[in-house]
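For reference, the structure discussed in these notes is given below.
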Amino acid sequence: MTTNGDRPYTADEMMAVEAARRLDDTTVCFVGIGLPSLAANLARRTHAPGCTLIYESGTIGAKPVRLPLSIGDGELAETADAVVSVPEMFAYWLQGRRIDVGFLGAAQIDRYGNLNSTVIGDYEHPTVRLPGGGGAPEIALGVDDVFVMLRQSPRTFVEQLDFTTSLGDNVRVVVTDLGILEPRHGELTLVAVHPGSTVEQARAATGWDLQVADEMRETVPPTDEELAALRALETKGRS
Amino acid sequence: MIVPLRDAVSELVRDGDVVALEGFTHLIPSAAGHELVRQGRKDLTLIRMTPDVIYDQLIGMGCARKLVFSWGGNPGVGSLHRLRDAVENGWPRPLELEEHSHAGMAAAYAAGAANLPFGVLRGYRGGDLPSRTRVGVVVCPFTGEALAAVPAHRPDVGIVHAQQADRHGNVQLWGIAGVQKETVLASKRSIVTVEEIVDELEPRPNGVVLPSWTISAVAHVRGGAHPSYAAGYYDRDNEFYVAWDPVSRDRGTFLAWMKRHVLDTADVEEYRASLAEEATAA
Amino acid sequence: MIVPLRDAVSELVRDGDVVALEGFTHLIPSAAGHELVRQGRKDLTLIRMTPDVIYDQLIGMGCARKLVFSWGGNPGVGSLHRLRDAVENGWPRPLELEEHSHAGMAAAYAAGAANLPFGVLRGYRGGDLPSRTRVGVVVCPFTGEALAAVPAHRPDVGIVHAQQADRHGNVQLWGIAGVQKETVLASKRSIVTVEEIVDELEPRPNGVVLPSWTISAVAHVRGGAHPSYAAGYYDRDNEFYVAWDPVSRDRGTFLAWMKRHVLDTADVEEYRASLAEEATAA
Amino acid sequence: MTTNGDRPYTADEMMAVEAARRLDDTTVCFVGIGLPSLAANLARRTHAPGCTLIYESGTIGAKPVRLPLSIGDGELAETADAVVSVPEMFAYWLQGRRIDVGFLGAAQIDRYGNLNSTVIGDYEHPTVRLPGGGGAPEIALGVDDVFVMLRQSPRTFVEQLDFTTSLGDNVRVVVTDLGILEPRHGELTLVAVHPGSTVEQARAATGWDLQVADEMRETVPPTDEELAALRALETKGRS
């Protein structure tokens, strides 16, 4: 828990706010459940009301009041500009390159932004069988800008992925609970830390020798307005 | 055309079949899946983009020898413990995996519905998935570009849930439609369970209509999508998904749950009553 | 976003462009076609599954150097005389043809919308068409089967007509939807003319919604589909199609008709008034 | 004009009736405008109310009261069980092999049932440019049974097509104004003549040496019921 002077906020809230700030009023974004959905809906309710949210269930321009618990919640369809089939979603919309930003999470990330959401351990005899790629492989290559949201630890930020589920070519930013990474000279580099976090913490939470930008920024903490909008969404989501 | 679910499953699904139960978060045909368990179907190849609770149950009860899928988890909750136990420990039997991306699965269903042997997409580029699954290459005769080809899904049986059928067996579903139309059209045989039988289907926004002659059997199964939802009928039982996590973590707890709520119930009505009784007792 | 049709055409359509005007019997964007004539666009490659009266007019006025199509006739009436004159006699200029089947055209639009370089179908087998058009072969990497590949349509400009747009430029059409969604999504730029601007789009059965950000310009053109129809707004002008036959048979009669009703009118309102005046005089 | 004893009827009516008789209550048929549409609607209004009519405009299970003048008339959509896009129609429904019977017409037919609806004369320099194949090439190979409806004359029933638009592999019957042809021993053979027509007329109206079946039938003339249903459709179509 950190505070913005007045109000305390969680690491998740910091992450959602930082991701939301990167969306603008004309962004069309492909949203998954959890933090990405929170971030995109926050953007829509603060500085980017025109931001278009697309969920892979086929809802285009969804405007949920409550935070959805699944990518196919009824409210997404009810509030959407259009609802299309899943084959159409992936063929005409994602592959059609109509989507600017795609959010991805994962179990592991490497310094190139490649992600693993398939297995821990050997594929044939895994230690942990993860859910799998889902939409990620084509989202990773089918949108202009990939935003990754992932808590930072040596277990998740690894030297070598156990399995490469999706490629890091289009990863523009990784928002973690400690700071912000962006690609510089071909690898993910720490460019900002959140208030209360340090470069040392971020390096310690990274399984490779994390490069640090010459000009480090400190993230602006969530504003009161951002926190209020966020909590309105979260509260409604729980009700 | 309109028959009891029990009869539809016993007549149309055989041991060893390739079976797809579809429904993307919405309209998941859980009651039909339970009937597969009750009738003890085995050696099934199960196809589904997003295996979730119902596939966890089928896998945990040993109905499946192979799973073809793109994302297998408990949405918003975490792992599917029965799926993991099968893959990680071979319990109750080893489970072969054929793993795709969502885009690949969707293209494979669309190709099946269109009677094409493969679907084409810009996908399966780089990473480790291409070497672990069935994917080929086709080359554009005009541009020379290489694209991914996935083998069409052509299930022996496709099973979906819809809101309504009329008395002739014409079906309409609406809301998030997923790959259900493609699943029915790609399958050799098909079963559609519905919330309600109506005199006449009223055209709806985002409605998908399947004429009776594209379907092998329609069964009236009110509540047949639980714990998912049926737009216009009932909401998603979010608590059920959360509660499934501890139930499914332990083999014994899981088996007891399945015995009580599925094997020892005759149909979806008894299943619902059994869940209600447990909730009251708790 | 919502602009006069004249501005949309002058800004978005250039001489030499590949332009698709679609609408399968229903919602044919005739007014937009007339605006192409008024602005004297030339050397166009015109794509359309079913070139009918509006393409006869564009071809007869010399706007096109090439036609990509699958069926070119006056539906229920007979030939398109201007199309025939162009093909048979090179008047007013020679017209190159790229001829497909409906299935091939539909697959080409769908491929374009999906950002694939080609569409796959079981078609173009035997007969003389394959040797006269652009078609290739792709081989299934799983079964070895050879299938036809058609080059994707990727028009410079796609033009369609719809019933409604809201004030943000989101569009909805309903009823027979043809290949209009694919046309807009496959095109680099797009123009949608609409019957009505409404405050809010109400979801409809068989509705197709195109978000504003998929469209370059929306123009409010009441009656813009005449002589075809707009479900919910007006019926097909069947008599017009019949009357077009004698008008279009003769070059002089045709040119006089086009001068009077298209070149000498400023927009669809004047076009309609001009037709009404002629009907009253007759 | 011939009569069925009581009522006179036209050659077109005889053709429509003979085609309609070949459809049954479970037939799913792909219908074009004109005689095929008349025949299919007649079947639906007499012995085959369950017959499913599909128009290539995307209307599945259309039940028009008036005879449509175009394949995309509004009434087809309003009365249909389902309306699908044109790409879906050709991919999922026709190519999906869900359609039993397809009707085709043409400008020319040869003894193998191959059809020309493309050009008369040379393709590059045609004497007559015809509308083209439209749906025909894939209908011809994508349905189980192709029914051809075509008036018989040496100009249409030709030894050699000017252009082969669609193949005759699945042609099961050719209904003409003079009689019925069916494939026998690899070529179209006259198997019936309509009342008032003769084998000689049919042979004279054929540009090749028309084979005649050993057992020739005479078509049953349109019944009063068939004629009444037909005229109800035609009258409404004209209104």
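Labels for the chains are A, B, C and D, by order of writing; each one numbers its residues from 1.
Simple rule for what comes next: a contact is a pair of C-beta atoms (placed from the backbone, for glycine too) under 8 Å apart; a residue touches a chain by one contact, two chains touch by 3 or more.
The model shown is predicted, which means the values in this text are computed figures rather than measured ones.
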**OP:** Using the contact definition stated above, find the chains touching both chain B and chain C.
**Re:** A, D
**OP:** Give the chains in contact with both chain A and chain B, ordered by label.
**Re:** C
Subject >> Centre-of-Cα separation between chain D and chain C, whole angstrom >> reply: 28
**OP:** Please work out the Cα centroid separation of chain A and chain C, and write it as a whole number of Å.
**Re:** 42
**OP:** Quick one: report the Å distance separating chain A from chain D, using the average Cα coordinate of each chain.
**Re:** 58
**OP:** Hunt down the residues of chain A that sit against at least two other chains at once, touch-wise.
**Re:** 91, 95
Subject >> Contacts with two or more other chains, residues of chain C listed in rising order >> reply: 110, 115-116, 121-122, 181-182, 206
**OP:** Would you identify the shape of the chain contact graph, picking one of line, ring, star, complete or other?
**Re:** other
**OP:** Name, in rising order, each residue of chain C that touches chain A in their complex.
**Re:** 110, 113-116, 170, 181-182, 185, 201, 209-211, 213-214
**OP:** Show which residues of chain C lie in contact with chain B when the two form their complex.
**Re:** 115-118, 120-122, 134, 136-143, 145, 147, 149, 151, 203-207
Subject >> Residue numbers on chain A that touch chain B, as the complex places them >> reply: 33-34, 56-59, 69-74, 76-78, 83, 85-87, 89-91, 94-95, 114, 118, 123, 125-138, 141-142, 163-167
Subject >> chain A - residues contacting chain C, complex >> reply: 26, 28, 52, 60-61, 81-82, 91-92, 95-98
Original post:
Quick one: in the complex, what on chain C touches chain D?
Top reply: 24-26, 49-50, 69-73, 75-76, 79-80, 83-84, 87-88, 99, 101-103, 106-107, 109-110, 121-129, 132, 175-179, 181-182, 206, 208, 229, 231, 235-236, 238
